[in-house]
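Residue numbering begins at 1 within each chain, and the chains themselves are lettered A, B, C and D in the order written.
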Amino acid sequence: MADTSPAMGVKSKTRLEAFSDGVFAIAITLLVIEIAVPQHAGSHLLSALLDQRPVYLSYFIAFMSIGIVWIEHSALTEALERVDAGFLRLNLLLLLLVAFLPYPTRVMQEYLSLLDSERGGEHAAVAFFGLVLFLMSLMLIVLGRYAEREGLFGSDAAEERQEERRVTYQLAPSLIFYAVATVCGVIQPYVGLVLYVFIGVYLLLPVRTIRRWLRRRG
Amino acid sequence: MADTSPAMGVKSKTRLEAFSDGVFAIAITLLVIEIAVPQHAGSHLLSALLDQRPVYLSYFIAFMSIGIVWIEHSALTEALERVDAGFLRLNLLLLLLVAFLPYPTRVMQEYLSLLDSERGGEHAAVAFFGLVLFLMSLMLIVLGRYAEREGLFGSDAAEERQEERRVTYQLAPSLIFYAVATVCGVIQPYVGLVLYVFIGVYLLLPVRTIRRWLRRRG
Amino acid sequence: MADTSPAMGVKSKTRLEAFSDGVFAIAITLLVIEIAVPQHAGSHLLSALLDQRPVYLSYFIAFMSIGIVWIEHSALTEALERVDAGFLRLNLLLLLLVAFLPYPTRVMQEYLSLLDSERGGEHAAVAFFGLVLFLMSLMLIVLGRYAEREGLFGSDAAEERQEERRVTYQLAPSLIFYAVATVCGVIQPYVGLVLYVFIGVYLLLPVRTIRRWLRRRG
Amino acid sequence: MADTSPAMGVKSKTRLEAFSDGVFAIAITLLVIEIAVPQHAGSHLLSALLDQRPVYLSYFIAFMSIGIVWIEHSALTEALERVDAGFLRLNLLLLLLVAFLPYPTRVMQEYLSLLDSERGGEHAAVAFFGLVLFLMSLMLIVLGRYAEREGLFGSDAAEERQEERRVTYQLAPSLIFYAVATVCGVIQPYVGLVLYVFIGVYLLLPVRTIRRWLRRRG
């Protein structure tokens, strides 16, 4: 009996997009709150700021990861004609992960920037972060598959369904990548980090645009 | 004399939805800020992270509670044709509760994750949280009733009014449930917690969609 | 030379509304962050939570003040046909005050909830809060006047201009009220507080709706 | 292969605007969180609040800088007819800088408000802040140039392209200004601060509107 009517009553997907955009935008902007200002650095502030490189790196990785999931999410929901009760709830689970990411980011920032003597938790920190990224990617694929099975794509969806499939195919390797990076993080944290940066930059590069530029110039 | 004109001047409900979506999205995303990174865990970080289970549970319950109220709120405002001065103000009271929820969540997180020796406040913490959930559900019902009495549903509202009534009927049991869970929290905190999780999962399950799937397969 | 083109290029007011709604929604939701969880209260948590009454009161006043300014702002921008460079910038000054309000709220919360022995700053705290409320109301009136002088209201603006004037007239007393409350706060903090609550409740009451209900029933 | 389809699938620019507005609104509103309430000031609270002038000044500068970049960003995206994969990603880099600004603001606030005896980091703090402002302005120009080269402006873009060029020309001096202010900050922090205020006020003044007023009156 539970949610039969109210969610089905959400005929349009506008509110879903607005709410999701809000959560994405807030999660991505909250990442900066956790960066701690160096205390009592005095005239050594410059070098104290430079010493925070692991913190900036974590910020960059987390920002880009959320940014990319947002781009994929936009592409997916844009292809939809409507949403249903199940999609709303699965979307909520994706947002739960997105909104949670600032926490593993903070854990990673703190445990990567510790002094050598206090070290020890980097493996868990990097793997924890990777796990959440992996679940985010997975949830996005689940959302896409659900939409396809429930026929949420429009009537002229032949094209859109293909579109969606391409999104899925494109995300599949990043899913594997995140799994690999997480496992690497457990063994060798800095290898995991490098892989996160690599995935971020790879997904971020507008390959088609670059190809067009090259063609035009070459 | 006070608010006669300005609020009535808000002919459309677009701004109300945008503002409400913003508050919901921010409140739901702020929940993560309060989770404290384990300090000086060193190589025991993994077990320190696992020890935070009550914190993750509180996060999950609070996230799902706000998420569900957002879904119900979407369904309600979507069915409206217009809003009036009274609706705007009652909506503000609902948002006051939504925006306040991160505080009882934090209280619950802190008092559930204390060491045994420091224990003692769980009863008050769980009941405080349940009270705010109860008031949120109540306020949503008040909003729906107000909209019905003031004729804010559209002209083809026969259907929508029924819709709204179904929302009310559906919320009524959750209202009772929250009251029960709050009272249980006073007596036995962990029973209260289990009930919150149960309500969250129950309201979250897209029953109609599941039934459709089952029918299709069976 | 400075802003000649870009701001004038903003032909629609949609972005202005979206951005303003965002700032209002965030400022109003951030208010809760500052409420500190009682530490080491153990089984006295309930009474510790009840002792936070001044904190809840400050939260309520600040929430309602921002909520009301948002309602007035909605009514004003809805009546506009277009915005210009000057309006965008004046609006930015209003948002600066709205986004700043959580700070005086925090100051007030901390200095009102101190133990008697540490007391002393309540006068400054309450007056500081009132000053920002006063400037917010003032800025809203400035925005309305600017819009009227620059002809930003629509062509069928006879009605809307009157609307705007009514908003101004309605705000004028609250401006005087805030000034009075601020001065009272300097002399007797709790009188100031009571006045803030009074203004909030007064502006919040949907007088016209109440009158309609009374008429219908009486 | 990477992002070929999903981003290109974003035919409309509505989501981009909504997401960007969200990030701008949150970053600008988060600035206030970092201002610390004076502790144990007792009856000296008023003078303690007045002593925070450098903090308020930093808040003002940071708020106005983000506000102006938002206005420029609005003007740019409004002139666009569509966005492509590359634009989405470059926009993400701009947002990364916008969302990062609260951190250098906090650094500046802390190192400018230190007691004389602890001084020493103001040069680095002011230059760090200026560097991020410089990169923000630069990124905005890159976005504009990219949009022009890729033909993202509409078909009746003769006018809009000119518009965009004017934005670029207008930003160019502020870019030089920010570079100069940053260098000055390294040598003499307070000169850098004064320059930031000057740029903010200069870009904020609605010159065309002022000229129109003067013409009308003179």
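As a working rule, a residue touches a chain if its C-beta (ideal position, glycine included) is under 8 Å from a C-beta of that chain, and two chains touch if they have at least 3 such contacts.
Just so you know, these numbers come straight off a predicted model, no measurement behind them.
Undergrad: Is the contact between copies subunit A and subunit B built from the same residues on both sides or from different ones, judged by whether over half of the numbers are shared?
TA: Homomeric contact, different residues on each side for the most part.
Undergrad: If you fit subunit C onto subunit D using the CA atoms, what's the rotation angle, as a multiple of 5 degrees?
TA: Angle of the fitting rotation, subunit C to subunit D: 90 degrees.
Undergrad: For subunit A and subunit D, what's the span in angstrom between their mean Cα positions?
TA: 25
Undergrad: Once you find the CA centre of subunit B and the CA centre of subunit D, what distance in Å lies between them?
TA: Roughly 36 Å, centre to centre.
Undergrad: Going by the touch rule set out above, which residues of subunit D reach two or more other chains?
TA: As it turns out, subunit D has residues touching two or more other chains at 18, 22, 25-26, 30, 33.
Undergrad: Quick one: in the complex, what on subunit C touches subunit B?
TA: Touch list, subunit C to subunit B: 17-18, 21-22, 24-26, 28-33, 35, 37-38, 40-46, 48-49, 59-60, 63-64, 67, 70-72, 74-76, 78-79, 163, 166-167, 170, 202-209.
Undergrad: In their complex, what parts of subunit D are in touch with subunit A?
TA: 1-12, 15, 18-19, 22-23, 25-27, 30, 33, 84-86, 88-89, 92, 95-96, 99-100, 102-103, 106-107, 110-111, 118-121, 123-125, 128, 150
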